[in-house]
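The same chain A turns up in both complexes below, where it pairs with chain B and then with chain C.
Right after this comes the complex of A and B.
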């Protein structure tokens, strides 16, 4: 069981240490072990912390909804409308992006979204724009989508592929229209996969700092940007730890709620 | 009939749109890595290798590639080994606390990388292990071994459970069975787990950024260039990294498909 040891030492232990550190003090730019709730009180008393908290939750929530909605027609088409060969290749090409540098892709989006970028040059040639897209919420969402969309399509596609085709045919034979079949038969059957995909989108966009920083302009900050700023500038690690622990607790609460929802039997 | 055709066409169009969105940034980076203009936009300038020369005459970039290579190979090795052990334990044994064991081995990818970075940095700095190559390796193994575990576990699900008992009955020791039955059966999964974890580690920037100190990896260099002004060197470095990762992935895919089909045909 070497993995237990490894994960305990290098995964659980660091996180516990983070929790412990959130009670430490910083004196003369050095951390001093202690047990003081001052970091928690200070951090939770700050308006910008709560602004950041709700903003991050909101961003992640909106991204989850947008990604799930945009991914579904694609996963649906790949599951039911194309040949198995096309489906396999599509699956392969959807996995490829995970192994390309996210940073490089974000840099590419900067080239597109810039005020003098590709999109604005194209738009101005037909007499439109310029629109500022970089350093806006729109930019952030483009970045989040870059991160989440392929994964969401893959996960939805896997669960849609497992839907029993006979049930769909049965619905059609019973006179159920195409749209109604999708919403009354297919989505409930693929519920678990759709929710799991959504949970992953939420986790990824909740914790990501690259999109809100390099496409969203970093101001106002999300929680992950707050952690970086607090850690990298100065020695306020205990306060960064407060933010981190809050994020983990929030994430786990949402994850467990969603998973419980996914596996709940219909009464 | 016509309506059905239109629907069909619309679906294809939508799928194409999604793929364009996914691959546009990757292809753009390629194109602009050869573009002469300092500020990347259209119309394109002329073809140049300037950004490649600029990037790869920089000693820092070479050092970063060296560090990345050491890190990703060591990570792949350790993570694949750990992943295999976990997967085998899950496949073979039932024991008290198994679900906690599985949760522990699969949970790391759900923790935001920034937080993992901060936690690792805090702990490693405390025990005097931060800023070294080994600190990046240790952190990446935590992140990568769940993927290795998942890949090997899927392969183990295909094994005939009687195979192992048969080997035992024929007098093979537990170790020998492991060496001559289980490991060869899992070989394709082990190889692809190796390639995938190497690729994941090679691309990971957040945790590496926190713990690496002066031993920067390639993605950390990219992150630092990104923080400065617009600089097309990113495209050049990124393209090289992309080709490397994709080669690894395709290799993994080919090996997995070829080996696993052949093995099943010959009775395994």
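Right after this comes the complex of A and C.
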């Protein structure tokens, strides 16, 4: 029972309130309770809303793919190629980034990625650059990776560590070479963990506003930036709620699809 | 039975395997012949599984050479050896259904989809589990999973099959049934089975030859009967069967060898060609099932007065525990019916005796 109350108070009621608010009106920069679908019609009728929607979906999708692909060799090596001591230290260092605020980590990237930053200085010393990395899509992705990569490695590592070594030996024994075993046996066995890691990446980057704002230069806007812009311009909280609800519904849909995929019995 | 004794299929030549400072397998030499059912038996930690794993390529020998069909295979990787294994854990792939598990090895060898389906179905048919082809592994019983594991290993038609305690997870009735399945298969296919187990009943029921290992070394290689009746070492005598072992000294060595033990003096007809001389220390081994029990003395040449301690009933056979004059345990196996006729009370005096031909002398005395 307490869990139900807790869920209601901290999860269901706020969501319902958000939903309710999306039907309110704004008059003279003040919110007025009401029940009008005008916010939904206005937001869904705007081209820039849909552009932002697909852009955010694409950014999160690309980030999820890049993170999963980058994290896998690292998690694989830590799970199968190193001693337990090295694995424990690696786990520790993968958790260390979470000690520091994400915002602080993003600000430090601004210094690194700056036109006169250390990366461009180093590149110019071998006659390359300068490359503008700040306020580009590249900058945004660097930020997303900062957010997602350590978590993805940890989650993949946990699921790879649980792979039954005996099944790997059985695969080798049946003529499956080392490289092929990764795809034929190890990935199917670690599938749930790999998908869960990907879902986390997607959720984090889909809703993140820090990276596209401070490293991507906030243009073109993602949905999270759109929410901020909407609330700032004319106190349009109800319209921001429309964007927020759309995002939540999208995430739920993606999450359920992914989990269904993870637990699907393959034949 | 082995068909070709001159050219072994597998040869272990002074093979040693060390893990850090422990020696798991200590310079063993072993020949395994084409078409034979060979069991490797021993207590846990004796090196039997390591030996099997070296043959499969899952462990690399520290020293010595392993040959398969006349070729050195020390450096051949696991996936390139055709030495499929049936695992104690079965190691079936949980993300594949029954038929896909069986097809796995064929797929890895590049056999076409239609061909591998056909061959996999053939094997499922042969092992009487074709109805479960599209089931998930988790939906099968232990015995059915066992059959899938067998089919998966045999579908590639190997010359040798390695089995690592494959029946240890099954209940007693199923074990006997699977033993029948295994021996029948082995005879039909005519391929070599190398079977690792710690259970005497499994090894003896199925094997042409049995290898007894202890502390990384081979103690004896012989037929089941040979090992049972003529244990080569004290370890084998203690590990196999229900043997009574009496340590003593040879006091007469003619046609009959007479041994003086704390429990009395006994005679023995030694069948081996070892020459015994007076003063040799030895152990006299008498199998519990070759001993007769009575309540009165017959004054036979190998007779001993004992005290009845207890009986242990296992089906039609009863093991009687008695105490020798010097206070050691002595075991006698007899039919339940015979024992009930004697109507023994705890502490009663009983006489045990055996034929001089049925005793066996051990050379090693450690």
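Here is the rule we go by: the second predicted complex is superposed on the first by the 258 of 267 C-alpha atoms of A that agree within 3 Å, B and C clash if a C-alpha of one lies under 4 Å from a C-alpha of the other, contacts with A are read in each partner's own complex, and residues count from 1 in each chain.
One rule holds in what follows: a contact is a pair of C-beta atoms (placed from the backbone, for glycine too) under 8 Å apart; a residue touches a chain by one contact, two chains touch by 3 or more.
All values derive from a computational prediction rather than experimental measurement.
A.B. asks: In the superposed arrangement, does A:228 touch chain B (first), chain C (second), both or neither?
C.D. replies: first
A.B. asks: Should A:167 be classified as contacting the first partner (chain B), the second (chain C), both, or neither?
C.D. replies: Once the two structures are laid over each other on A, A:167 reaches chain C alone.
A.B. asks: Output check: A:186 vs chain B and chain C. Expected answer is one of first, second, both, neither. What do you get?
C.D. replies: Touch status of A:186: no partner.
A.B. asks: See if chain A has more residues touched by chain B or by chain C, and give me that chain.
C.D. replies: Of chain B and chain C, the partner in contact with more residues of chain A is B.
A.B. asks: Taking the complex as given, what residues does chain B use to touch chain A?
C.D. replies: Touching chain A: residues 8, 11-12, 14-15, 18-19, 21-26, 28-29, 32, 39-42, 81-83, 85-86, 89, 101, 104-105, 107-108, 110-116, 118-123, 126, 138-139, 141-142, 145, 149, 196, 199-200, 203, 205-206, 210, 219, 222-223, 226, 230, 234-235, 237-238, 241-242, 245-246, 248-249, 253 of chain B.
A.B. asks: Can you list the residues on chain A that touch chain B in the complex?
C.D. replies: So the residues of chain A touching chain B come out as 1-4, 6-8, 10-15, 17-18, 21, 70-71, 73-74, 76-78, 81-82, 90, 92-112, 114, 116-118, 121-122, 145-146, 149-150, 153, 203, 206-209, 214, 224, 227-228, 231, 237, 240-241, 244, 247-248, 251, 255.
A.B. asks: Over in the complex, which chain C residues touch chain A? Could you list them?
C.D. replies: 56-58, 77-80, 82-85, 87, 89, 91, 93-97, 100, 104-105, 108-109, 134, 136, 152-153, 156
A.B. asks: Give every residue of chain A touching chain C within the complex, in rising order.
C.D. replies: For chain A paired with chain C, touching residues are 164, 166-167, 169-178, 180, 184-185, 188-189, 191, 265-267.
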